[in-house]
Amino acid sequence: MISSVFDWLSTPANWEGDRGIISQTLTHLEYSLIALVCAALIAVPMGLYIGHTGRGRVVAVSIAGGFRAIPSLGVLFIAVLLLLPRLRGELAFALPSLIVLVILAIPPILSGVYAGIAEVDPAARDAAKGMGMTGSQVLWQVEVPNALPLMFSGMRSAMLQIIATATIAAVVGLGGLGRFLIDGQATRDYDEMAGGALLVAALALLVDFVFGLVQRFVVSPGLTKTA
Amino acid sequence: MRLWGVDLGELIELTLDHIYLAGVPLIVGLLLAIPLGWLAVQRKWLYGPLLAATGLMYTIPSLALFIILPGILGTQILDPLNVLVAMTVYTIALLTRTVADALQSVPDHVKQAATAMGYSPLRRLFAVDLPLGVPVIAAGMRVAAVSNVSIVSVAALVGVSQLGILFTAGFNRNAMGPILIGVVACLILATLFDAIILSVSKALTPWQTSRSGS
Amino acid sequence: MPTVRYMVSCMIRLEGVTKRYADGTVAVDNLSFEAPEGKITVLVGPSGCGKTTSLRMINRMIEPTEGKIFVDGKDASSLKPAELRRSIGYVIQHAGLFPHRTVLSNVQTVPNLLKWDKKRAKDRAMEVLELVGLGGDFAKRYPGQLSGGQQQRVGVARALAGDPTVMLMDEPFSAIDPVVREVLQDEFLSLQERLGTTIVMVTHDIDEAIKLGHRIAVLREGGTLAQFSSPDDLLAHPNDDFVAGFVGRDRGYRALSFQRAEVPIYPAQPVELGDRPLPDEEWSIVVDANRHPIGWVERDAVEGPISQSDLQLGGTLAEEHGSLRGFLDAALSSPSGRGVVVNEGRLVGTLRPQEVLQIIRKAPRPSGDTIAGDSE
Amino acid sequence: MKRTSILAATLAAGLTLSACGGDSDPLDDSGEESGSSSSDTITIGSASFPENVLLMEIYAAALSDAGVDVETRGNIGQRETYIAGLDDGSIDMIPEYTGALTLYLNADAEATDPDGVYAELQDALPENLTVLEPSAAEDKDSIVVTAETASEYDLTAIGDLEPVAGELVLGGPPEFEERFTGVPGLNEVYGLEFSAFRPLAAGSNLTAQSLANGQIDVANIFSTDPSISENDFVVLDDPDALFVAQNIVPLVTTDAVNDEITTTLNGVSAELDTAILTELLAQVVVGGEAPEDVAREFVDSIG
């Protein structure tokens, strides 16, 4: 069983071409990154605002908790039913999938940003203000740099979930590694399904590793080094 | 009684199925995560590999797991057992780190006092570390419960009966009603799970009085 | 070597300042006082007395509900809060260093906010780090790599970096262990003396207030001023039971710190290590080559030349022109029953406890020049 | 009477409407119950998708009118499960599809036209199973286009697509791309080369909606799909019989067959055609009516 999965993975023909592993991996990555960026565009400013002002904390907590409970499949179908008649071409399939992934990614990013900002040492924040930093100086020079580790872990966990869930885009006919799962299921090709699953996990790990590297460069060593 | 094209009796049945499929793995997963988390804390060299391995399990797409498990377990594709096992895997993936964190959250002086009084490591785990780790474990359980409720619905794609069936059914009938009811039912269920875990956690930690912040 | 800077001193004046919150709680009630130029003014009181609120109103971290605050003669409410704060040093309890920035970069914060050029900001930062005793290597470290005491020194350096004439300090030493705290307080006192910065400090510790403050404002719960006076006056003449209670039970003893008197000092014949004890004295005082006292020896306990192991240590040394508290303490703590008096560390003579006590009994109660708390 | 719920049936259909045609993958959510039918009671089962449940109810209504004691056990699951049920006597009868059943019993079956398939089915059946007369009603793979597309390119049969296929996008379930009775067969038999194939895994409604909304131009859906009449889709003829005939036929255990049953069900099958079945199914799937009510009405109407 394992060896036949390996055979599928090691067959060059499965890697090449429009529908091959390489192309689907790139497509998968593309959807995932677009979803992450969109989710970040929504969740980061929200998290910054809530963390910085302390206002709307209830909103943050309920969004973070509530969104997690929203079943992706249900949202996908609702979005398809609503958007299919309204959109032309590829977008009619891409947008519903994107909505699902964005909803999925918002909670971890939001709670990462919010918690990162909220957990900045109150003394550091107080000192910053007391030394004459303006609100935005406090935010960008003190709160954000200190929140980076938690922000990153929120982003990374969002990305892991996006990559795993982007497979359902294949349900509505989009590309990506989900194709191997869905097509494999449809044609009872077990090796293809298992191989696809392994590829998704591998992609998730790889992306997480890259994010980890970026984090190492971006986050101040002062936040990791201790006496 | 029908609501938006969904028979209420049916809805109740699907909800019960959903509770079963999401709930049982939560408990089984916790029971398995406790020894794993404990091991990770006990044996320092195991900490990294164990948490990486369990974390890796979370990156497997749920749909893939539902489809692949029959091949591994020798079950039928439609067997609810596949879903139970898959959800248990995800629960372990989330809770092993939680348990390890929880055990580490117990203050050192408390652990040392317990050891000094003669607790063996295992007895200390059940008498001291785990009870004190309840708040952290409960927090992890809440995340796991909510995400389990959501992930279980994907099992509709492999035809296992639970609330997610309302999504495929509604979709196939071009009817928004059942899908919306399914989503709302999932949300209510998640809230319910959350509330139960919260109250169990409170009941287990009477020393955690809610302090009024001033 | 750090250069001594001569600052243009300024003062802070609070006039009928009240802070009332939306829920009706009054944190500070009609508070007026003046913090004199170049001096340390300490706000002290139990928790909930509004001392921190009062301090934070000075740099407008909190806006007063009523009343006026003048900094350097200017109405604080007429200045932009951020600019006002940049001109005032600010030190808080846990230092509040930015963990993501190096020590140097932390200290450069205000110069950077003031848009000094890079070289000047860096030079100044190095200079103040030197001032607080963290020269050289420390600049490159991160706060997480420092001890609590070192962090607080950086906190002070950071507050000084912008060349402020006024500095606000909120419990700057209370999170530091007692031994280090003593050291920091002493260093801080001499630094302040050199720089002449006007300082307003908050503490809950009456000992710290008495040790550091030139003026002490005692606040009571509800944010009203109970007394504003010099430390000796506060100890000698508490305005009321609250102040008396707050100042504490052994205030009589502490008040001796502020009393100076001539006490008869008897010349003493010292011996050195290797000598024999004086045959006529039950106890002999041992000094080193510089006449620094290093201990006592008891004649009957020593056979042959005095060795290190014969020394009985202990006993504080009283400064020749020090306070009665110092004399009494030296006398009471000496193994021989005689207190050792020194001048710049060198033996001057000894004194007797009975005589110190007599002088204390006879001495008039001290009367400092009280500064009325509600002076206009 | 055992509970047969519309919802369960509808729901169970899930994404597996492909079940109707060939390689079925219906759902098993009630297979755990078992109960042997008594000798004078006929137990009718059904696979787990709405159309099969509806057919079960139609058989049940007709037989019960004829005075036969009937029990129903809907949603038994997929073919493997209910054939085993027939073997062990858990059920006595189930609505089946000629082409799919033939291929299940004999993977080498070659015929694709209704008569040929039925003949091969007769040969392939084991002794303990019997099929009655097939109905004209078929639930099989079909190639459909919108009415506009049909008139624009003047399409009536699949072969008419040949000159324009290169500009069109074909959509259907993912497996349609791989299996012979799909993209390869369309190419081989009719010479069609579409510009792209869009795999749609979320059931026929997604395919139908995509066709209606222009995301795809040509769709593979089943011939009884209610979306066809709903959207005025045009089903293209399959003169070369690429798609295996899937006539509806009662599969009965040989022991249970008697004249009464044969006469009654042959009568029902004769009254049923694809259009009628599609309409009845639409009442269940789109209208949300109970299958037993729709079945009763139909049986009453044919007297």
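We just call them A, B, C and D in the order they show up, numbering each chain from 1.
Simple rule for what comes next: contacts are C-beta pairs under 8 Å (C-beta built on N, C-alpha and C of every residue); 3 or more make two chains touch, one makes a residue touch a chain.
Being a predicted model, the structure only gives us computed values, none of them experimental.
Common neighbours of subunit B and subunit D, listed by label, are A. Centre-to-centre spacing of subunit C and subunit D amounts to 93 Å, using the average Cα coordinate of each chain.
Between the CA-based centres of subunit A and subunit B the separation comes to 21 Å, rounded to the whole angstrom.
In this assembly, the C-alpha centroid of subunit B lies 57 Å from the C-alpha centroid of subunit C. Residue positions of subunit B touching 2 or more other chains: 156-157, 166, 168, 171, 174. Under the contact definition stated at the top, not a single residue of subunit C touches 2 or more other chains. Within subunit A, the positions touching two or more other chains are listed as 77, 80-81, 171, 182, 185.
Viewed as a network of touching protein chains, the structure does not reduce to a path, ring, star or complete graph. By the definition given earlier, chain contacts exist for A-B, A-C, A-D, B-D.
Interface residues of subunit B, counted against subunit D in their complex, comprise 2, 5-7, 9-10, 14, 76-78, 156-157, 159-161, 165-166, 168-169, 171-175. By the touch criterion stated above, subunit A contacts subunit B in their complex at residues 1, 65-66, 68-75, 77-78, 80-81, 160, 163-165, 167-168, 171, 178, 181-182, 184-185, 190, 193-194, 196-197, 200-201, 204-205. For subunit D in complex with subunit A, the touching residues are 15, 18, 23, 171, 173-175, 177-179, 198-202, 206, 209-210, 212-215.
Interface residues of subunit C, counted against subunit A in their complex, comprise 56, 59, 61, 81-88, 90, 92-102, 109-110, 113, 142-147, 155, 158-159, 162, 168.
On subunit A, the positions that touch subunit C within their shared complex are 121, 123-134, 137, 141-142, 145-146, 148, 219-223, 225-227.
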